[in-house]
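We call the chains A, B and C, going by the order they appear; numbering starts again at 1 in every chain.
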Amino acid sequence: MTAALATPALATDGLSVNFGALLATQNVSLDLPAGARHALIGPNGAGKTTLINLLTGLLRPSGGEIRLHGATITHASPAERVRRGLVRTFQINSLFPALTPLESVTLAVCERRGLTRSWLSRLSRRTDAIDEALALLDRLGLGPDAERPTRELAYGRQRLVEIALALACEPRVLLLDEPAAGVPARESAELFEVIAGLPRDLAILFIEHDMDLVFRFADRITVLVGGQVLCHGTPAEIAENPEVRRVYLGSSGHG
Amino acid sequence: MVSLPAESPQASDHASRGRPVTRLERRSRWRWHEILFWLAVASCPLVVPDDLVLASQVLIAGLFALSLDLLLGYGGIVSLGHAAFFGVGAYAAGLLARHGWGEPISGLLLSGALAGLLGFALSFIIVRVRGIALLMVTLGVSLVLHEAAVKGYAVTGGDDGLQGIVLDPLLGLFPMDMWGRTAFGYSLAVAFAGFLLARRLVSSPFGLALQGMRENGRRMAAIGAPLRRHSALIYTVSAALAGVAGALLTQTTEFVSVEVLGFQRSAEVLIMLILGGAGHLYGAFIGAAVFMIVRDQLAAANPEYWFFWLGLMLVLVVLFARGGIIGGIATIAAHFRKGGSR
Amino acid sequence: MMVSLGNVLFNGLAYGMLLFVISVGLSVTMGLMGFANLAHGAFAMLGGYVATTLMNRAGVPFLLTLPIAFVAVAAASFVLERVLYRRLYRAGELDQVLLTIGLVFMAVAGATYVWGPGQQPVRMPDYLTGQWTVAGIDIGVYRLFLILVGIAVTAALVLGIERTRFGAMIRAAVDNPRMAQGCGINVNRVFSLTFMAGSGLAGLGGAVGINLIGLDPGFPIKFMVYFLIVVAVGGLGSIKGSLIAALLLGVFDVGGKYYVPEVGAFIIYAVMVSLLLWRPAGLFGRR
């Protein structure tokens, strides 16, 4: 047994949170090994985004534990988690509308490297940071749009900027909250090709409603219903699971 | 013709970079209209020798508006009480000079530092609130200081203002003169230095982070930005610059009125900045110039009318010209550029 | 000479009730639309000028000027809301602040132009000028009247909001505008009407309070902070909060002026700042 297998990239243990009497997340335990492509599915209101908010520290859990590479981060600040390599994207675009993708990604690079402490040096001298941002944008096919204001970009391109911003933080675990939300079907497949092409050692947890995409890109799936884990499994196991078919997929199978 | 430090190293970088220079990198270079702007300001003693007092006032107000531009135009942090820092700088400079510290430049720097310290301290309580509570807290802090100045008669002179301020000659050579030549030169030098500092700040990595905070604070947290640290820094710098502007007013007029802390001053600086255009640095000076020149013309005739036109101007700018004067110029310039390339 | 605590309390309550009547509309509209309206005091001022003009030039009795001031100011606010405010509901606070500061400046200049820069003289009717002494406390009839007006307004608001269908709509809209809209409530219309009523109350307060807080063109600026304190400290959209904050402010302001005049409004502002740091949403604001 290798060390990488022994220590998951991201693990939760009995994670719970409640809003008043509503138990939004109950006793959720997850394991993501390095390099995982893990899908989180479930009907609307199942608590998928709530779980992401718990993982990133936007919400405080009422119980349970979160570990990143074996270290407990249950009570770390959101920024601290990012610095340790746990990074997310948002279901609804949360970008810097007036900045260009180059500026946005350069900003994320600078924050990661601690360069933003400097207020008397020129950004234009930080060619290394700008080079890194340009390379990342090129890799995602955003090169041609790098210097247009983000708000002028097509929606699908903006979704890519979401991912670029997260990647600029050099994540070891990436949480994608419906990365293709609102993107036309053909483009969303392209978007997932980009995601599939991300470095192999990066662990990815993604929420997605399109079951074709889920079964194509995930190596493991967790089904969440009413804030609880219904089951974990490989795509094949999930597709065969009668309970999942009944509760979530409906009797007609996936699609 | 004009060779500026920023340009040559960038040009030489180009080859080693192996890619075209991005607009992001070019943005911090000096442009010809910037040089023209400062040349025009510097030529005031030749062009309008009789209005140097007004010109100094414009520069001081412009520096004050510039300090707010860093906070609001770049950082997106609204303040209804920015006069707090201006006033603290003004009183500090006045009290120093009154109590024997007559050397102007060190007095100016000390006053700015004191205002900066206040800004630093306040930044920690101000990051806790947002929205309307933020407006009320910033307003409240300036009102507290204003009340303290009004009631602290023994120290501040209360409503009568602080009098008996005597300064040493500037650099030991130039006393303040009746025509305001020394005052103008001094104000110009300080305003330009403040501008250089602000310009450097906004083109630094931190300046980019500041714009990120303005555009989307939530995303900034999600990319791991230390937001508390960022707001503490910008509050300190902005407050120090405002304090320097206030100190400059004291030193050039040799008087401090309690108005330096008033709500009206906080409102006016906001108006100047919005009128000129926030988030461009130059908007601060252009807004201050237009504001003060128009007031000089209108208020002399009838102060009530001035208030009416000021209010109307504000309503129109908010409804129809959100970018202010600079925004308007930029739109027109972009239009012509497009037309030209076609 | 030391003023008795009873007198301070009585005068403070009267002043506080007046502040409540003027500010409560601002609280509800700020809670409803999140609109930072610094021009609320201008509506109060307008109510005052309507009342004094009617009394001094047309001889209308004082009590009759009050409903007229309410209606006139409500009508004026309706026009402003439709023409100006409405455009900025979705804008940030900064734009709202700037627009309403602009309106304040225009109102100040306009009032100076029409009514002159000085204080408006008013003569209260005889039945409101007397004074009784009860248990060592001087009960001014006029101040008692202010308190009664405040109680009547509170009762009307509580009944109106708790018991009527329109009140239920306001509560729903304050609670969650999007949800209310989804339930078929026309939030815009609810807001329009609430804004009118709130501004009308400010006009009523401006008219009824002239004898206590005066009336001159500087009114909207002079009292802006007080109205905002009531709203911010009480908690946006909370009538109970506004009432308590206004009464506290009234009592402490009057008490401060009697007992520690050298400190002035300093304490009030300092308390407001610390309170907001402790509870950014105010005493009774939901967070």
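One rule holds in what follows: a contact is a pair of C-beta atoms (placed from the backbone, for glycine too) under 8 Å apart; a residue touches a chain by one contact, two chains touch by 3 or more.
What you see is a predicted model, and the numbers here were worked out from it, not measured in a lab.
Colleague: Building nodes from the protein chains and edges from chain pairs that touch, which of line, ring, star, complete or other describes the result?
Modeller: Graph shape, chains as nodes and touching pairs as edges: a line.
Colleague: What chain sits nearest the middle when you go by CA atom centres?
Modeller: Smallest offset from the overall C-alpha mean is found for B.
Colleague: Distance from the CA centroid of chain A to that of chain C, rounded to the nearest Å?
Modeller: 49
Colleague: Compute the distance, rounded to whole Å, between the mean C-alpha positions of chain A and chain B.
Modeller: 41
Colleague: Mind checking the centre-to-centre distance between chain B and chain C? Centres are C-alpha means, answer in whole Å.
Modeller: Once rounded, the distance between the two centres reads 35 Å.
Colleague: Would you give the residues of chain A that are in contact with at least 2 other chains, written as numbers and ranges?
Modeller: none
Colleague: Can you list the chain B residues touching chain C in their complex?
Modeller: Those in contact with chain C are residues 72, 78, 80, 125, 128-133, 135-137, 139-141, 143-144, 147-148, 150-151, 263-264, 267, 270-271, 274, 304-308, 310-315, 317-319, 322.
Colleague: Where on chain B does chain A make contact in their complex?
Modeller: Contacts found on chain B: 6, 9-10, 13, 17, 19, 22-29, 200-201, 203-209, 211-212, 215-216, 218-227, 229-230, 233, 237.
Colleague: Can you list the residues on chain A that touch chain B in the complex?
Modeller: 56, 78-80, 82-83, 87-88, 90, 94-100, 102-104, 106-108, 110-112, 115-127, 129-131, 134, 146-147, 165-166, 168-169
Colleague: Would you mind writing out the residues of chain C in touch with chain B in their complex?
Modeller: Checking each residue of chain C against chain B gives 30, 34, 36, 84, 87-88, 92-95, 97-99, 101-110, 112-113, 117, 217, 221, 225, 228-229, 231-232, 236, 262-266, 269-270, 272-273, 276-277, 280-282.
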